[in-house]
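Read from first to last, the chains carry the letters A, B, C and D; within each, the first residue is number 1.
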């Protein structure tokens, strides 16, 4: 008899236990997150956050976006250049497109392959009445030259598979080509003959050699007749004579706004006024990837101010790092300046050209 | 689950190609080192060779065969238990609960709906073999091969019988679960059987905390209620039930004839022992006839309403599909109904795809869930209807027998049958073993329960 | 076993020892696994708490080191902390793994114990007193039915709970207003190029005839238009519409008629430059937005030089957009839009006759669906079609080189055609005093009787006037027809027979078309000088007001107001 | 229904027999269909042209085991890999593909965005578990190596390397650890759908491979 009682007791006890357990189980199932909505649950130490570094003190910003961005209509863009008349040349896909600053398409030059860089030279003809354009387009391994109407004038011979040309500059009789693949600057004459190699590592001439971790390697010729070359790996902009002697270098690493951030920056730069004497102050406009910043340095390389930071260059002013690798790898913007001192930033992700001009009185 | 559920090689390859396209940056050479530094290679440890899958298949066949033999010919609970433990160790702890016949349902279904997906050979076998065996020998797969069944069987300590009405009610869950699993697999949304597999995390000795808790709960219940998962949830079990109804050979409590000693009445922890059934009392009989007619009429109605309900659920069920979730999130962000973005929406935007494309995809998927909902709901309605009919007809039964559908062929009841003991005595004496030993043997063989 | 109880009793002693040991094993195992479980859980909690603290501290210190560079102790602390942190991370993982194995082992032991025990301690099969099996069966069946029914209820309820969640719609459906404006409404407004019927005639007589830009007298407001365009303003009740474009964007503007506020800007897809043969080079004097927009008081419709047509509702929501393809047009596309009931009428003349590109398209106003299309054996033209009600039936009259074609605007069937034009046709046709007046630039002006059918070239041309403007469209007040040439020669003819009444040298250049308001004639010169004149019996200047801004668009007249689009600004002039 | 409707034993047997064959038939059809599908896919060239197994026979082509892997170009290094894996210590780890690496002196996969100083001090290291080793090769180049025993696959360094560098760090499923679940728990939780199945004989999607 008591045994039956005991049995009933057990039944009750077990019943309660099971009920309890079922409740727990249901809760567990409900709490189970298989879709990643709750996030990784990793601590703050595991977050990679550039929010703070991306912010730039508004007092440092000397420029403002002065016109609607130009939609280039490209799928990929590589380089931007501006001729002495202010026409904007954008190289992308397999085309060079020429716009006026209103964004009107003036001209199109079909290319045999994808361009890497370009520059435009204006040559006054003998009678100096008319003048004609020479457009130098650097492909991956060689240079093509076109006139203003897009007629091919010359195609120089390839520098080999290893070559990855990333920038080109012209000064009277010299054409300088930055070759990131061989990590060297080629100096051509205008007929396409190689007359010099600049920047190879040489201890006795204390030339450090170019340290180029990624295909960003820019150069330009200053009005002082010195060739300026970026040495991104050591965050320098170096000044060479056309003979290839390193005169001086400036630039320092810093994630802060005054220096160049990242492992290899700046990716591109332009010299205000450039070869054109009018209204130039010879200061540098540099462009960094990673933390996308366009900044101004004076000729001696001391920080002057900011043209645009991540907040200006990203829609909605949201400071963010790129998500997918593809975004990141396209992240190297290009800059150009016109004789009026406006800065043109080629956004290689959205494939648009943003136009910045100085704020009248930066209060 | 090794090489379970292929997506075709092409799909992968296309993905790779896309990624090349999207790569953007050109391959850039590493620096030339003057110190003669050599670029190391990235280590690429290989996965478990595919050949093992075929070993698994062989083991499965052997286990099934052996189990069938032990249940039907040898009628030895101890041996069955031993095999159970083996299966638990091999398919469970060694193979980490994968390959798994239960999960295989989803792969089969997906392979019929996803043009880019063909089910691997091994998975196909793991799905089919137990079914084929069941058609001939009853649920011998459940008895001693399925690791999920095994782990529940070994923890079963003090079984309490579940009243048959409750059992009938709870069993509906399994059908719903099966329906849902098929629905989500067919729409390529998720493999819920794997997501909510309560025991796999034991086999792996790690896993999501919530799943672990769920598993523990099942085991605790399993100590007092025989194999709760198998009886009330297992989607594969649902199929096996139906097949074992028509199996060629079947588990019988008694080796020869039933003497109605009632000893086996509560021998079965799974409530599969059916008592003899008397005639209906006359008045009950008439009423039940009417009722039956009514229920048969009711069946199509249930099916329709089931389908209708399933259709009504489409927006909810569609949320299980990642694309729909993403689309809804993006939509909410676009319309400013929610603040901020999620990783998913950021990732989506960084691909530069048009939102309209995403929305189109999502609404197509919803539409598919609409149709699927009709079928799913209809199925559930049908099941319920049939169950109602099933519980209101009954067949005269004279003997104690194991219910074909719900008998898991564990062989516990054998020990309770005096006829069985006689049989064994005969065998043992024929093998001239002394009565005493044989008694010991019998005694021990009371175990396993 | 139950059958021969004596055997049980015989070995029960031995069994009891076994049983005792089994039970003790089970208990030991259970206790052990319990301990491990507790350890695991506690360790899990403890570590997660401590780790969190460490992590936070670490981060703080890393921040601090930025402010105190070169603080060696701090550096030391950070490094030590970091090490602890990381060691702990992996120690926990390791502990967890080992713990899991131990737990498994102990659980197995427990189970073996219990199993052994339960298998040794036989419980005799308990035989309940045989209950009344019949009732038992009946109850069982009944309960089962109830249980299943309960299942239905539960499932149904669950489904309901899930289903009530609100659906997130991916595409919102805007209620389309498919009604069409009444003729009265249309005549009260200025819904298209050159007014209600495109004849340049205003229904109002209270339009101002004097104002002064310098003093600002009569200038109600002046608003700068973001993007340039040659098109004329269009007015519906309290809204003024314009379009403008540049290579980057093609836009539609909606201004508030009272204060000139720009209420909204709608933008249609600019032409893509992806494939370069499509790139467009427009001429200065057509631009990207030469065609004037049209409205039916429900929506606003605009077409641009790139062949893109867009429709917006009055709140600026885009209703539809359609790309008719880049028009092949030497000066740039300039035909303004016309409307008939729920149809948007587009004269899309392209190329030369032999190109067979020209087509007339009628789109459903609210959906953008093409209702009818008529191929036209004509070359590019720059005229705007008109819809005139001519003895009871509507005629859609189009001018091009070389044909004048009248269609039934409802279905596009051709009513009649006349082969009488040539060169680059820019002036639009008008209908006055039972005649259709069409212009062959620089050559002559023709009056056609619109009651014919088929080719009426020989039969229905009433008379020719050997004077013809080249850009400005004609205007008529019924009995008089006024023709204004670009270089400023204004001629007046009798509409019955085309006899010349008078002519006047205006001494200005004209791009915009003349308009008739009441008994006055309004002429707006290129330099932005508005001439207001009475015309009977002779040209009599009422006013001559300089706007001080170049004007190419024709002005729009509303109740007591004039809207003038200058090169840059939109002016509203009123009393 | 009881007595009268009750079929005689042999009739019932016959019925059972019929049902059995029907069931077997159905199973046969299912199996056949599932099996035939692979042939269809061979005909469609879905398997053949994959180029993954040129010379091997139909079996290898279409029946090749497949395993989970991360498409590095879709991965956004959200960190879910570290915690959603069914394994306590995730099967996903960061890998370094040396030919893509720039061997930078200042590597943003290694250093904090604002390093206090350019050295291996813990205060400068980005990796919370210190799983990256930085070794000097020659001026100005440094080698960066992942210590997989320490890496938990959080992807913090991947973000840094992608943003500033060449992206030579990225996450991959390590198949010596992966259980290759039927439905990968991480794949289900992956916000960017970066998880794909790849043939088991080509179980990795290393960047350099696609770049070439």
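FYI, a contact is a pair of C-beta atoms (placed from the backbone, for glycine too) under 8 Å apart; a residue touches a chain by one contact, two chains touch by 3 or more.
This structure is a prediction, so every number in the text was calculated from the model and none was measured.
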**OP:** Going by C-alpha centroids, which chain is farthest from chain A? Tell me that one.
**Re:** B
**OP:** Grab the C-alpha centre of each chain and report whichever is closest to the global C-alpha centre.
**Re:** D
Original post:
How many angstrom between the C-alpha centroids of chain B and chain A?
Top reply: 56
Original post:
Distance from the CA centroid of chain B to that of chain C, rounded to the nearest Å?
Top reply: 51
**OP:** Quick one: report the Å distance separating chain B from chain D, using the average Cα coordinate of each chain.
**Re:** 25
**OP:** Please work out the Cα centroid separation of chain C and chain D, and write it as a whole number of Å.
**Re:** 42
Subject >> Set of chain B residues in contact with two or more other chains >> reply: 22-23, 25-26, 28-29, 31, 158, 190, 195, 206, 208, 288, 322, 343-344, 346-347, 350, 394
Original post:
What positions in chain C touch 2 or more of the other chains?
Top reply: 55, 96-97
Original post:
Using the touch rule from the top of the page, what residues of chain A touch 2 or more other chains?
Top reply: 34-36, 39, 43, 45, 211, 213-214, 322-326, 329
Original post:
Taking the complex as given, what residues does chain D use to touch chain A?
Top reply: 72-84, 102-108, 113-114, 126, 128, 140, 154, 156, 159-160, 162-167, 170, 185, 188-192
Subject >> Contact footprint of chain D on chain C as seen in their complex >> reply: 55, 61-62, 65-66, 69, 75, 78-79, 82-83, 85-86, 89-90, 93, 96-97
Original post:
What part of chain A is in contact with chain B in the complex they form?
Top reply: 10-11, 14, 17-18, 21-22, 24-25, 28-29, 31-32, 34-36, 39, 76, 140, 162, 164, 180-181, 183, 211, 213-215, 320, 322-327, 329-330
Subject >> chain C-facing residues of chain A, complex >> reply: 43-45, 68-73, 75, 95, 97, 99, 102-105, 108, 110
**OP:** Could you please specify the touching residues of chain D with respect to chain B in the complex?
**Re:** 1-3, 6, 16, 19-20, 23-24, 27, 30-31, 33-35, 37-38, 41, 46-47, 49-52, 61-67, 71-74, 76, 78, 80, 86-88, 95-103, 137-138, 141, 143, 145, 166, 174-176, 178-183, 185, 188, 191-193, 196-200, 203-208, 210-212
